[in-house]
Structures are given as structure tokens and as C-alpha cells.
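In the two complexes below, subunit A is the common chain; its partner is subunit B in one and subunit C in the other.
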Partner chain A sequence: MKIITISREFGSGGRELGKRLADRLGFDYYDSEIISAVAKNSGLDPHYVTSRLEDHGWQNFPVTFRGTLGSSAYMQASKVQLLIEQKKVIEEIAALGKDCVIVGRNADVLLQTYNPFRIFVCAETEAKLRRCRERASGREAFSDKELLRRMKEIDRARAKTREFLSGSEWGDRNAYHLTVNTSDWAIKALVPAVADFASAWFER
Partner chain B sequence: MSIQLSDHFTYKKLLKFTLPSIAMMIFTSIYGVVDGFFVSNFAGDIPFKAVNLIMPFLMIFGTVGFIFGTGGTAIVANTLGEGDREKANRYFSLFVYVVFVLGIFFAAVGMIFLRPIAVMLGAEGAILENCVVYGRIVLCALPFLVLQFLFQSFFVAAEKPRMGLFVIVAAGVTNMVLDAVLVTALPQEYRLAGAAIATAASQFVGGFVPLVYFFRKNTSLFRLGKTRLDFRALVKACINGSSEFMSNVSMSIVGMLYNVQLLKYAGEDGIAAYGVMMYVSFIFAAVFIGYSIGTAPVISYHNGAGNHRELKGILKKSLILLTFGSVLMLVAAELLARPLALIFVSYSESLMEMTVYGFRIFAFSFLFMGFAIFGSGFFTALNDGLTSALISFLRSLVFQIGAVLLLPMIWEIEGVWISVVVADLMAVILSFIFMAVKRKKYHY
Partner chain C sequence: MKIITISREFGSGGRELGKRLADRLGFDYYDSEIISAVAKNSGLDPHYVTSRLEDHGWQNFPVTFRGTLGSSAYMQASKVQLLIEQKKVIEEIAALGKDCVIVGRNADVLLQTYNPFRIFVCAETEAKLRRCRERASGREAFSDKELLRRMKEIDRARAKTREFLSGSEWGDRNAYHLTVNTSDWAIKALVPAVADFASAWFER
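This part shows the complex of A and B:
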């Protein structure tokens, strides 16, 4: 079984690359479907699961006053539960034994034993901004400043989740087989090269 | 060859990961300490004793905010999880209004019983009058204090943890700045009242700012609005929050009991000396609490995900880190006993002597405190609430009360100083017994 995992910076086009790669190679493709499956398993609202898993408030801020300590461990607990649920779903996907591309969700860490082909997708800030603007056009238009802030926040949250799961660093070049900088590319044009690289890797 | 991920928590990574929560805990403990610093140095030893004597009683009422904070958050979060935002909002509003009304009620009750309780706790003469003045002013802000506790819990559920942090910092800064201004600038006889106003103002900020925030249109998940009285939800919140209630009330009861024993065996100076030790121990404990809070989700995750090896590694490394930290703190406390006492009670030779002597004994509790705190947190993280509650209940109530009642009979005042050490030592032994017993079950 061949598994390709894609980690990516927000706005770098990693998801599109993953989707097109899966189409070209004839692999199954997973990203947000995972969240729906998690929600189904835990009987929760998918919107809620998304917001929980993507929220950035990792640590609670407890209050102490004169030795009285209050902290709301509950929310943290619910998020940890969701992450555990997510791990199970990803392992089930792998257990299906079919070739697949999984975008995000730290699948490369969770599926280590399957030795997946690990890709990291990055881009220069300007290119990422451009991509975000194109994608958002018509719908909600963020200002560049807001976009930059969101970009930073989301990447930080991704790094934090990875650190939490494994203690390893997000985007550490030693942890990936291939790092792709999409700055000067249309994703579509990039796909054949990446697909060839991946195929060659699987055939070693 | 396959790529090896550096995927384990090393000592360095563990420390880096827990640093934010440790720093946060230290910060939140510091502002109580600053309060004590100003009262003792600028208002004098009698107000300082009065504040320490009456504080445990005042804090009992704050508990109501904790109950509905933790208990209510659970209910609201579940409702949100089901996707019913409107109902979640209705519950949220209900808890806020109920807590506010209860706050007013308990403030009134507190005012009525303030003097008799202070007398019962052993206050007399000037200290009694100071207790009453301080207590009355601080109780005025009680409705906002309970709201502060409530909102701190809800900010996380509302996905605005940063707003929660902002409120704590604002409240803390209010307290420190007003302390610095009022306690130092007012004439001597009004300085205690100044300190009380500073504390009350900080509680007001902590409760009022979020109240306004949630009343107005905002970007969080909640907004205060119409609600319906729902007794079932209220009872459920109370049950959910009952362990918070227990731990807070027991902390207050233990505090009062210590004061009674201190008065009996060392007189009023004992209260002041113990107050200083408590301030220092808050900051030391904050490190361990921060560490436990920081590691809890990681432990929880690896337990739930069945990564036994990782769980084992984290536990082993944590215990080693705790050992180093505990020894370091003990050494620091022994070396710094005099300078630390000087910060608070440099004005009185006899108080200095008693504080330094007592602190040198009391400091041995730093050797055990960390393990006891981590032990309880560890089992919470493993989702073994019963074991965790048992450890913290036995530690904070049974061991402490037993020690402070029995040991002074043998060693008098030294018995009081050493009782925290003994209680924490017993809690550590208990934690290790549980860790050994549950080892098979959790595979660590």
C-alpha cells in the first residue's frame, strides 16, 4: 500500500496539490472527510468538531487567587478526545489498505509505521497571500493584514498540534522526503513532476 | 532507509512545552503576593494579620463562581457540540444571571456574619476592627468576583482564551497599581481600606469587563440575552462542579483552621509569619501546577491513543524533572529564607525571627509538593477522576487537618510549621502507591 502525506503552510496550495496528485495517481483522497467521520463517530456536530480541532487556545489560563485555583480542564479534555478520535479514523483509513493521499491532520506522524511518502508544501508569503486572495474573491474579502494574521495563527496552531502529538517540530526539513515550494508555480503544472517523484520513490 | 522522526518528548521539549502554563501560573500568583507586600510594609503588621485572618472566610463565597464556571461550561459545551447554539446561549445567560444574583445574596450574608465569624476565628481588638473594614469593602465586589471566576471558564468555551488572559492581566494590574497608589499615599488609618478598595476594584474589573463584552455584539460564540429558568440545568451544573466546590471550600476551611492553631500557639505574630510563607509557597507551587497543567493534555492524549511507550517516557522524565525542581526549590528556599522574609516583615525583629525560623521548616514541603500536585494531575489526565479526587481530597483536607490538629499537641508551634510538610509527604506516598497499583491498568 502506498500512502502519501502532505503537510503544508496555510495558503501554500498544499490541499490542491494533494487533490490533483490523488487524481493523477488514482489514489483515494482525504482531508476534511476525516473530520466528518470523526464527528459521525463521536456523535457531534461537524462544525463544532472543525472549530474545536482548529481552535488555537491550547492552554487554558487558570486563575489563582489566594490559593484558590480554577481551571477549566473540561474543554481541553474534549479536544483531546477529538484528537484521539481523529487518530482512530486515520488509522482506519490506513487499515483499508488502499493507496491514498492524506492532507494535513499530522497523518505522517500518526501513520509512521506505514512509512508514508512525506511531502511538505511551502511558499513565500507574497505567493500565499495571492492564493488566499484568489480563493476568497467574491466571498469574504479579508484585508492583507488580516490574512497575514490568520496565516500566522493557523500555521502556529498547526505547529502546536504537531508538537503536542509527537514533540517533533513542524516543517523540520529532516522529517520530509520532499519539500515543495509552490511560489512560482501553478499547482496544476507542478503535479506531474511531484507524481513522478513519488512513483519513483515507491518503486525504489 | 526510512526517515526517522524525532518524535519523542525530550527533557528540553517537555520544558519548552510547559513553559507558557508555568509562566502564566506564576504571573497569576504574583498579584496576590504584591497585595500582601503593600499591606504589610505600608499599612503595617496589624492590617496584614487581619487580611490573612479573614481572607479564607471571604474566599469561601467565591466558590459559587467556580461551581457554575466548571459545571456550567460542561453543559454549555455539550449543547454546543450537539450544534444547538441558541440553547447553549440560553444556558450561558442563565448561569451568568444566577451567579450574579447568588453573588449579591452571599455578599449580604457575608456582611451580616462577618463580625461574629471574625470573632470565632480568634480576632479581637484592633485586628477585629481591621477584619471588619477589609471584609466589608471586599464583599461589596463579591458579585463581580464570582462573575470573574465564571467567565474565566467560559472564555475557553467561547473560543476566546486570549480575552480571558487579557481580563486576568487587567484585573491583576488594577490591583497592583491601586495598591501602589492607595496604600502608600493615603494617611495611615485609611491604608487598609485602600488595600481593600484595590482588591475590590480588581475583582470588579475581572467581572465587569467580560459582562460588558458578552452583553454587546461580539465575535465569540456567546452573547448574553433572554433565558428561561431551568432548575434541571442548574442542579446538573452544581453536580458537575461539586469537586471544584469541595477543593475550594476545603482550602478555605484548612486556612481558617491554621489561623486558629497559629493564634493558639504563637499569637498574632504567627498569622503574619504563616502569611509570608503562604505567599512564597504560592509562587513555588505555581511552577508545579503550571507543569502539571501543561503536560496533562499530552498525557491524556497518549493514554487515549494507546501510545504506552510515550506515556511511560513522559512520566519518567516528568518525575526526574520534578525531583530536580523540588531539590532546587528546597535549596533556594533555605538560602533565601531571610531575604524573602525581609521583603514582607523587615519592620519587626521578632516577626523576622519567627518567619525565618518557621520558613526553614516549612520549606521542606517544597520537596514533596510537586509530586503531590503532579500525582493528582496525572490521574486527572488519565481520566481517572476518582483517584485524582481522592489524592487531592486526602491531601488538602484529611492530611492537612489531621496534621495541623495533632502535630502542635506534640511540638507546639513547630508542629504547625511542620504540618504542611507532613501532609504533603503523606500525599506523595499516597500518589506513588496509586501509581504503582494502577501501573498495569495504564501500561506506563
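This part shows the complex of A and C:
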């Protein structure tokens, strides 16, 4: 079984890269939303799912953003419980035995024994702001200042969770097989190269 | 013109990756030794070249290592002059207008205007030690402790020079297009994937 995990900076396009990568390789695809749905269907603590749909003062934020933000707020409330549930769900996904791409949720750490191909996706701040603006276009717009503040908060939460789980630093180049900077690319143009890289790794 | 620059942690196999990448793509190849030879032939300050052949107490170290070590010692003596000379040589190489791979020497910073494809090569400590041991096999062997000390020294010198030149941190994931961790790969197996990645970038 081949597992690709994607960790990413907020706004770097890591989720889009993961989705397109899965499409190209014919792998299953899981991100935060899908994992929470699986959790619900598996009868795992529904608070986990509910919390992610709660209003944390970001009701005007595009729906695609809200999941990520909600989870960070929930973690402050009940971090350990969340992590245990996530772990269960992610292990269940892996136990299906099907090739898959998993975005976020520290799947790279939780599934260490499966030796996944670990990707970290980053981008320069200006490129991340651009991407956030594009995603939000036609909806409620946020100021750059507001976006930057959120970006920092979310990445800090991700870093803290990872350190808690693994002891290794979030974004540490040696914790991933490949670190891809999306600043100068369209994600679409990047996908074949990343897919070939992952394939080479699985065949090595 | 296509330029690929490779920055690397000591022992990560960045030089081998660069050489093989150049072979595969049919690009010219430059590393520290070749750059110093070009400097000499161009009539640039011969002290630069000489210093790199000097004995810094590492006379038993394999020849392939000695260059790198020498340059770090020389930098302490005459950093700015060295950097100016290097800059000249690297700009002359770029002015040839031929596709090339350049390993080290902060070519990514010095050749910014050419918008090179910037690669950073890293590896976990244990993998770097293993690589150093293999390179040194059949010659004078160094203890792991000694190797670790050298590794740290050389990488620290590289980091300092980069910060001095660019203001950006050495190894900062957003200063490179691609960061490749060689820990779990043979360099040879990595080369096609990295070559395709670079090609995709030049064609984007």
C-alpha cells in the first residue's frame, strides 16, 4: 500500500496539490473534512465533528477555510481527546489497505509504521496571500493584515500539535522526503513532477 | 539559459546529485573545485585557489572533502575578498550562456537575476554519517564524533556566509524551489525525479 502525506503552510496550496495528486495517481484522497466525516460515520465522538462546524467568529470566512480554523479552536479546548480520535480515524483509513493521499492531521507522524511518502508544501508569504485572496474572491474579503494574522495563528497551532505528537519540528526539512515551494508555480503545473517523484520513491 | 543551483548540508550527497543531474540533463557542471580552477585560469587572485589546497590540519582527510574544509578556513581569514572573487567567477560562468548545474558557492543568491531552479539537499544525521563513512572507506577513517563536529562546523560556516550575502536563512524552505531529503534514497534513484522536476519548472 502506498500512502502520501501532505503537511502544509496555510495558503500554500497543499490541499489542492494533494487533491490533484490523488486524481493523477488514482489514489484515494482524504483531507480534514473527509476525515471528520469518516469519524462521524464510524461512530466516533461526534463532538469532534460538531466542533468543526461551530461558529468561532469566522462565519463570514469561506467554507473551505472554516474547517481548518475550527479545528484550531477546538484543539485549545480538548487537544488530547481530539488527537486520540484523529489517530483512530487515520489508522482506520490506513487499515483499508488502499493507496491514498492524506492532507494534514499529522498523518505522517501517526502512520509512521506505513512509511508514507512525506511531502511538506510551503510558499512565500506574498504568494500565500495571493492564493488566499483568489480563493476568497467573490465572497467576503479579508484585509491582508487579517489574513496574515490568521496564517500565523493556524501555522503556529499546526506546529504546536506536531511538536506535541512527534517531538520533531513542524516544517523541519529532515522530517519530510520532499519540501515543495509553490510560490513560483501554478499547482496544476507542479502535479506531474510531484507525482513522478512519489512514484520513484515507492519504486526505489 | 537554464541554471540549476544546489545548496546542501555536508554529507547529504548534494554534490553527487548535482553531478548526476548535469549528466542526465546534458548541462555543464560546476562545483567548488571547478570554480576555483576557473578562477585561476581567469587570472583572478591565485590566493583564493592556493588557500583551498592548503593544509588546515586535515591532510588525512579524503581529497574530495579537503576542498570544502579549506574554503571554510579561508573564509575566516578573508571572507569578503573571497566572496567578491567567487561572485566574479560565478557571473562569468553564467555569462557563458550555457545550461548548467552549480553546486554550492551561494550561486542561487549570486545569480538571482537568472532565476535559477534552486534546490536544497539535506539528510538526517545518521544518513550523512553513513555517507561520509562510505566516501572515506579504504582511507583514513574518522570517528563519528569527529565527523559530527566537522559537519556542524561546515554547515555553520555555510549558513553564516549565506546570511551575510542574502539576509535569508540557509536552508530556509522558502528560499528554494525544492528541498530534497536524501536519507531514504540512493542518489542514483533520485536523479530522474529531480531532473523531471527541474524540467517541469523550466517549461512552466
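Here, the second predicted complex is superposed on the first by the 159 of 204 C-alpha atoms of A that agree within 3 Å, B and C clash if a C-alpha of one lies under 4 Å from a C-alpha of the other, contacts with A are read in each partner's own complex, and residues count from 1 in each chain.
Simple rule for what comes next: a residue touches a chain if its C-beta (ideal position, glycine included) is under 8 Å from a C-beta of that chain, and two chains touch if they have at least 3 such contacts.
A quick note: this is a predicted structure, and the numbers were derived from the prediction, not measured.
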item: Partner chain(s) touched by A:114 [first = subunit B, second = subunit C, both, neither]; value: neither
item: Touched partner set for A:164, first subunit B, second subunit C, both or neither; value: first
item: Touched partner set for A:190, first subunit B, second subunit C, both or neither; value: second
item: Touched partner set for A:124, first subunit B, second subunit C, both or neither; value: second
item: Which of subunit B and subunit C A:202 touches, first, second, both or neither; value: neither
item: Partner chain in contact with A:177 - subunit B first, subunit C second, else both or neither; value: both
item: Subunit A residues touched - subunit C or subunit B, whichever exceeds; value: B
item: Where subunit A meets both subunit C and subunit B, residue numbers; value: 174, 176-177
item: Residues of subunit B that touch subunit A when the two form their complex; value: 2-3, 5-10, 13-14, 17, 20-21, 24-25, 28-29, 32, 55-56, 59, 62-63, 65-66, 69-70, 73-74, 77, 80-83, 148-149, 152-153, 155-157, 159-162, 164-165, 168, 244, 247-248, 251-252, 255, 278, 282, 286, 289, 293-294, 296-298, 300-301, 304-305, 380, 383
item: Interface residues, subunit A side, partner subunit B - complex; value: 44-45, 47-48, 51, 55-81, 83-84, 87, 108-109, 112, 115, 118, 163-169, 172, 174-177
item: Subunit A contact footprint on subunit C (complex, rising order); value: 120, 122-124, 171, 173-174, 176-181, 183-186, 189-190, 192-194, 196-197, 200-201, 204
